[in-house]
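Consider the two complexes below, in which chain A is the common component and chain B and chain C are the respective partners.
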Partner chain A sequence: MSDAYTLLRGGRVCDPAGAADGTALHGPPRDLYLKDGHIAATPPEGARIGEVVDLDGRIVMAGAIDIHSHIGGGKVNLARLLLPEEHREHGSGPDGLRRSGSGLFTPSSFVTGYRYAEMGYTAAFEPAMLPSNARHTHLELADVPIIDKGCYAVLGNDDFLLERLAAGATQSEVNDYVAWILHATQAVGVKVVNPGGISAFKFNQRRLDLDEAHPHYGITPRRILTTLATALSDLGVPHPLHVHCNNLGIPGNESVTRDTITALDGLPAHLTHLQFHSYGTEGDRRFSSAAAEIAESVNRSPNISVDVGQIIFGQTITASADIMSQFRNSGLASPRKWVCTDIECDGGCGLVPFRYRDKAFVNALQWAIGLELFLLIEDPWRVYLTTDHPNGGPFTSYPHLIRLLMDRSFRNEQLARINPDVAAHSRLGSIDREYTLEEIAIMTRAGPARVLGLRDRGHLRPGAVADVVVYDDLPDREAMFAAPALVFKNGRLVARNGQLTATGWGDTIVVRPEFDSAIERRLKPWFEDHQTVRLGNFRIADGEILDHGRGGLSIVPTLTASDSCF
Partner chain B sequence: MDNEIGETDLPPPMSDVVCPFCAMACDDLTVAHDRGGRLRITGNGCARARTLFALPALPAHCFIKGRAVPLDAALDAAAALLRNAAFPAVGGLAADTEGVSAALALAERLGAVVDHAASDSLFHGLRALQVTGAMTATFGEVRNRADLFVLFGSEFDRHAPRLFDRLVRPPTALFRDAGAARGFLIGPSDGGPGDGPAPDGFERLTADLIHAPAIAAALSQMVAGDRPHGDRVGGIAMEDLARVATALRDARFGVIGWVAATLDPAAGDVAVEAFNRLVVTANAATRCAGLSLGGKGNALGANYVCAWQYGVPLRSRLGAGPPEHDPLRYRLKSLLAEDGIDALLWLSALNGAEVPDTRTPMVVLARPGQPLPHDPEVLIPVAIPGLDHAGSIHRGDGVAALPLRRLRFPKSSGKPSAASLPTAAAVLSALLDRLPASPLPVLIRETAHV
Partner chain C sequence: MSVLSFRLKGPLPGRVDASPLLPHRLAALTVTEIAALPLRLGRGHVVVGELFDLSGGPGDTVEIEGDGRLDFVGAGQSSGTIRIAGAVGHRAGTGMSGGVLVVEGSAGLAAGAAMRGGVLTIGGDAGNELGGALPGERTGMMGGRILVRGSCGDRVGERMRRGLIAVGGDTGAYAALHMNAGSLLIGGRPGAATGHGMRNGTILFRGEIDPLPGFADCGLNQLPFLSLLDNHLSELDGVPPACRGLTGRARRWLGDRGFGGRGELLSCL
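Let's look at the complex of A and B:
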């Protein structure tokens, strides 16, 4: 603890979640005080100011939060091993501050932390942690420096849940199981991936629609989806069910996406990488944009938040628990190698390298669909900036993506370069909307923080963690967001002008809803009779995360009846 | 109940203990302390585990060229040896996650090549992955689903102990008749341990595994509906292979398994590629998955740690500029054979990393009792992960990382024993502290983001 304040003097503070400060961008510059790693209220007269940083009217925002980025765990690491060519091309040696590393779209752990921090991101959430892979995931994330991290446990294809649902389990039993998984795997949310479909693939079924019965258990994806969404709502877990819908990437899947929203019937849910689920079947090629229909459905559903999963042209790799989709798409692998793994009566893993080409009709249309979604979904509090790293492209392309959203003429220049059929028929060119800085601050900070239940992040009110980013107000928004002037993590300067100046360790963010531990009486024999790891060895102790001296555990409070979700 | 005097002073038996001594990573062991202070497996576990758990926790000293010295002196000598090396290597890497992690950090500081003692087997699979990818399943899926096993290799009991008890014929299975799995064992039948009569439901097809790629290719053709030319492939009659192919087509969930260590040392990757093609071919109509078996010394885990920290697998040079991976050039066995290394740090906290018989000056960090071909320049004994300290290792199927517990504690008498040795990670960190980073030129390659 220190009694000295750090004063960030005279910044234009863009803090949409701050108290009545959302418009301060156009008001007079104001001062921000940091103390002991937190934002402090204006100190009393005579308080000791240790350091003064003059911001000269630069723009100040809270640290950015990536709500959905595959940054670590078994499948990301297999992706690294699959593509030595990527790592040969993009490497860096040690420089006294930075550890050595490599990779562009599957960067190594240290590089991941450095690049996020240099871009002004101070937290990222790994969205697809299989419970059976949780220990590996946390070991890996323990080597991601600077930023805070959290994981969503993947459920909805695990045989325990499917078997219990088929046997008529009560909602409260499911709730206890979901809560137990959140505790045991040190997770902050739950993601459902192709509900039932990954399991169905293990029974040699190649597609599963929302109301189609699972070939073994006889239950439908709809049932899995609504039961899990209800569980998280009942448990008061702030982040609602994180949903990867059925039939990813299939032309015409927009109907299952809209049906999913309808099925949720007002239950809070987050639909992830929506771009991959917004495809129609119109036109000569039977592949068209359904962004308008999907956006309308989202606009009408205040219970729904989304992230887009924008694609960025170039080489990347698609990495997903959705082995059913990945096996179907394996013929598209470029280079021609891919991985599919059935995992532990728990889930799956599919890796398909892919090159998005701007002149290819399908890829160009995907690009346009993503941007249409961003621009047609009206409420920036409910749509978040992602490329589904690395599935649509690397997270390092966010500054480019921000410019596409903020700069209509730049966007239209890009549109003119892509496949001419797409350019001619897309409604994108007719959309005038340009995101404002406040809207960017909402979709990259305040919104994700709110939907994750992070009460002390994503804003700059006193008491918040002092994750602060200072930008030069450059007309080229890509340059502005690629290299912030200053980045503070926990009140400490970690990057200047887009270059790392210090390193350290962030927290692992978890949620711990209450539950009836009697569920373990059912789980223990399940692990012994059907799994290959015992329950006690499956569960991750706090010490496994804390004992390495690499950041703490930060527990998100659960919601009570008086908290509003949105 | 046993009420012998003294017996009640013993700590109670520990259940669900993880075995760190091979890639099966069985986690259902029951381990007790006997009155001699040794660990004794009283439930589950294989013969190897029973032996290695029961080794006495002997006291162990540090040595410089065979002369006993305190730890600090050994660390100083090790640092001096490594500090001036032009082309050092950090090998063995038989350790838990933290031990490997500390070894890689040291290698990065030194600009050293990193490789695991058992990497030949590892790289059969890894090089195949780099070329064709893979389609696999983990132990849990195999246990509950696999109704057909086509296993290439020999001495399954030695390389994958408890394979049949845990995965092929488990006590229970969710989606198949646990006791009725059938299959084929393809490989030499030279009478080695575990190569006796095939288990019930299994048929042995005798072949030299040098022919594994041709056999797998012929099977792929037949599974796809073609008929290969000739009467035999790799010594196996075509009609026998046709029965294997039919079984794969008829299976609901077939498994193509292989013991990597028994494949052709010069072309194991070609065999694994062929296995992978066979798996993919079978998946056109039904389900099938590959399963690599065998491995010791947390080889797969060591490779994973290197991959996530540096983006590259083992057989890489770290710290001398960007990580540089070359599976041929940086094979440590070859480098040592051609005197391409001028200082070697060897880590064998676990079994499975025999200390190489080399003239290269060597710092050895080893579990007590590790056989040594000759006295190395510096020998520092380290604690055994999973017996003497907590940690984690990866299981061979690549998904589950398992927690290791501390089972042995120093005696209250304060007499030194293996249970009071430092961990490999602690020794390596102390070495790192003695090797300050040299002011190397900054080597940051610019990378285009879009």
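Let's look at the complex of A and C:
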């Protein structure tokens, strides 16, 4: 602890979640005080100011938060193994500050942390941690330096839940199971991937609609979805159910997406990589954009937040627990190799390398659909910037994506370059909207923080964690967001002009709702009979995360009746 | 034609990545600049001048005194000649696309892996994965020639797709593993599981073999192409004598049928 303040003097603070005068972007410059890793209130006269950084009217924002980025765990590791050429071509040696690492779209853990920090990101969330892979995921994330991280546990295709639902389990039993999983796997939320579909795939089903019964358990995706969403709502978990809808990537899947929103019937939920779920079947090629319909549906449903999963042209790899869709797409693998596997009956894992080509109609239209969603969903508090890294493209393409959103002429230039049929099939060219800096700050900071329930991140009010990013106000927004002038993590300068200057370790963000531990009486025999580890060994202890002080735990408070979800 | 020689000042203190020492790259530099080139040594770096005494002038031939810890010699070579007096470490000629790489001694692991062109000659023995595939790659050698006077280790020519490998001595286990096409000549005895998973291509050897059950015996054949191949070999430098003298008579097996393969094992008489 130190009694000295760090003063960031004269920045134009863009803090949409801050106090009423928060958006001082066009107002007078403001001073910001950092102390002991937090934002401090203006200190009394005579307080000791250790360091003064003159910002000269540069733009100041909170550290950015990536709500959905596959950065660790079993499938990312398999992806790395599948594409050794990527790691051969993009390697970097140790330089005294950084450890060695490699990779471009599946970077090694250290490189992941460095690149995020250099881009002004101070937290990222791994969205698909299978409970049986939880320990691996946390061990790997423990090697992601600087940034804070959290995981969503994947449920909804695990046989325990499906079997209990089929046997007529009560909502409270499901609630206890969900809470137990959150505790045991040190997760911050729950994701459901293709509810019921991954399990149905193992019973030879190749597609599953919302009201189609599971071939073995006889329950519908709708039931799984609403039960899990209700559970999180009952438990007061701030991040609502993170939903990867059914029938990803199938033309015409927009109806299942809209039905999902309707099925949730006001229950809060987060629909992820919505771009892959907004396809229609119109036109000669039976593939069209349904972004307008989906956006309208999202606009009408204040309980729904989304992230887009924008695609970026170039080589990447798609990594998903949704083996049903990955198996379907395996023929499109480029280079021609792929992996689909079951993981301990909890879920699955499919990896298909993919090259998004701007001259291919389908890929170009996917690109346009993503941008349409960004631009047609009106409330930036409910739509977040993602590429579903690495599925749509690597997270390092965010600055490019921000420029596409903020600069209409740049966007239209890109639209003119891609497959010409897309301009005719998409309304993208006619959309005038340009995101403002405040809106970018909302969709990359304040919004994700709010939907994750992070009360001390995503804003710059006194008491917040001092994750502060300072940008030069450049007309080229891509250059501006690619290399921020200064990045502070916990009040420490970690990057300057997009280059790392210091490294360290972030926290693991978890949630701990209350539950009745009697559920373990049911779980224990299940583990004994069907799992490869026993219940006692399955649970991840705090000490494993804390690792003698190297890691940290940050517990998100659960919601009480007086909190509003949104 | 000028020759640039690298003479070792002493035994290498650790593994050195010699891949920057390619003739076409060095030709553009002065001797002083070359002496200041950084080479990876273990986790750090060292300049060329600290390890080697240089003599001669940069041109299209480079001569290097060999050491078993000198890795990646001629990796990515596309033109010119590199001659090594002595042994080399691992991955000599990896990804080579042209030129000539002559190793007078023995080579370590994965010499000529993922080769696309050029000629690699090894005077001694070669380690495992000679002319093999880079880890995780679907194809291995895609062109060029590898000529080894001595023996080689396991998995020679793994996932090979084109080109010629001639080994004067014995080969280890799993020679031509998952071979797609190309030719592998074995002067000595083939090891266990030769041709496992091969889909196409040719493996030639002398004497008896007990092939894997996936290979169908096609009996004795008179194959005119073998004398053509022998003529071709006679025009090449450095082909091990044990691989020469093909008469055209050979016992032939087709396989690996377990993989739907139509590659051939030829026991030449």
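As a working rule, the second predicted complex is superposed on the first by the 563 of 566 C-alpha atoms of A that agree within 3 Å, B and C clash if a C-alpha of one lies under 4 Å from a C-alpha of the other, contacts with A are read in each partner's own complex, and residues count from 1 in each chain.
Everything below uses one rule, namely that a residue touches a chain if its C-beta (ideal position, glycine included) is under 8 Å from a C-beta of that chain, and two chains touch if they have at least 3 such contacts.
What you are looking at is a predicted structure, and each value in this text was computed from that prediction instead of being measured.
Once both complexes are superposed on chain A, the partners chain B and chain C clash.
Put chain B and chain C next to each other and count what each touches on chain A; the higher total goes to B. Shared-chain residue A:L81: touches chain B and chain C both.
Applying the stated contact rule after C-alpha superposition, one finds that A:G536 touches chain B and leaves chain C untouched. After overlaying the two complexes on the shared chain, residue contacts for A:P94 are found with chain B and with chain C alike.
Once the two complexes are laid over each other on the shared chain, residue contacts for A:P394 go to chain B alone; chain C is not touched. When both complexes are overlaid on chain A, the residue A:T281 reaches neither chain B nor chain C.
After overlaying the two complexes on the shared chain, residue contacts for A:S109 are found with chain B alone; chain C is out of touch.
In the superposition on chain A, A:K337 makes contact with both chain B and chain C. Comparing which residues of chain A touch chain B with which touch chain C, the overlap comprises 81-82, 84, 88, 93-94, 337. Touching chain C in their complex are the following residues of chain A: 81-85, 88, 93-94, 335-337. The part of chain B that touches chain A in the complex is made up of residues 16, 18, 27-28, 97-98, 101, 105, 108-109, 126, 129-141, 143-145, 166-167, 171-175, 252-253, 283, 286-287, 289, 303-304, 307-313, 318-325, 392, 394, 398-403, 437, 439-440, 442-445, 447, 449-450. Touching chain A in their complex are the following residues of chain C: 40, 43, 134-138.
Listing the residues of chain A that touch chain B in their complex gives 72, 74, 76-78, 80-82, 84, 86-96, 98-104, 106-111, 130, 132-133, 135-136, 139-140, 143, 159, 163, 201-204, 216, 312-314, 327, 333, 337-346, 351, 393-394, 396-397, 399-400, 482, 528-534, 536-537, 540-541, 544, 548.
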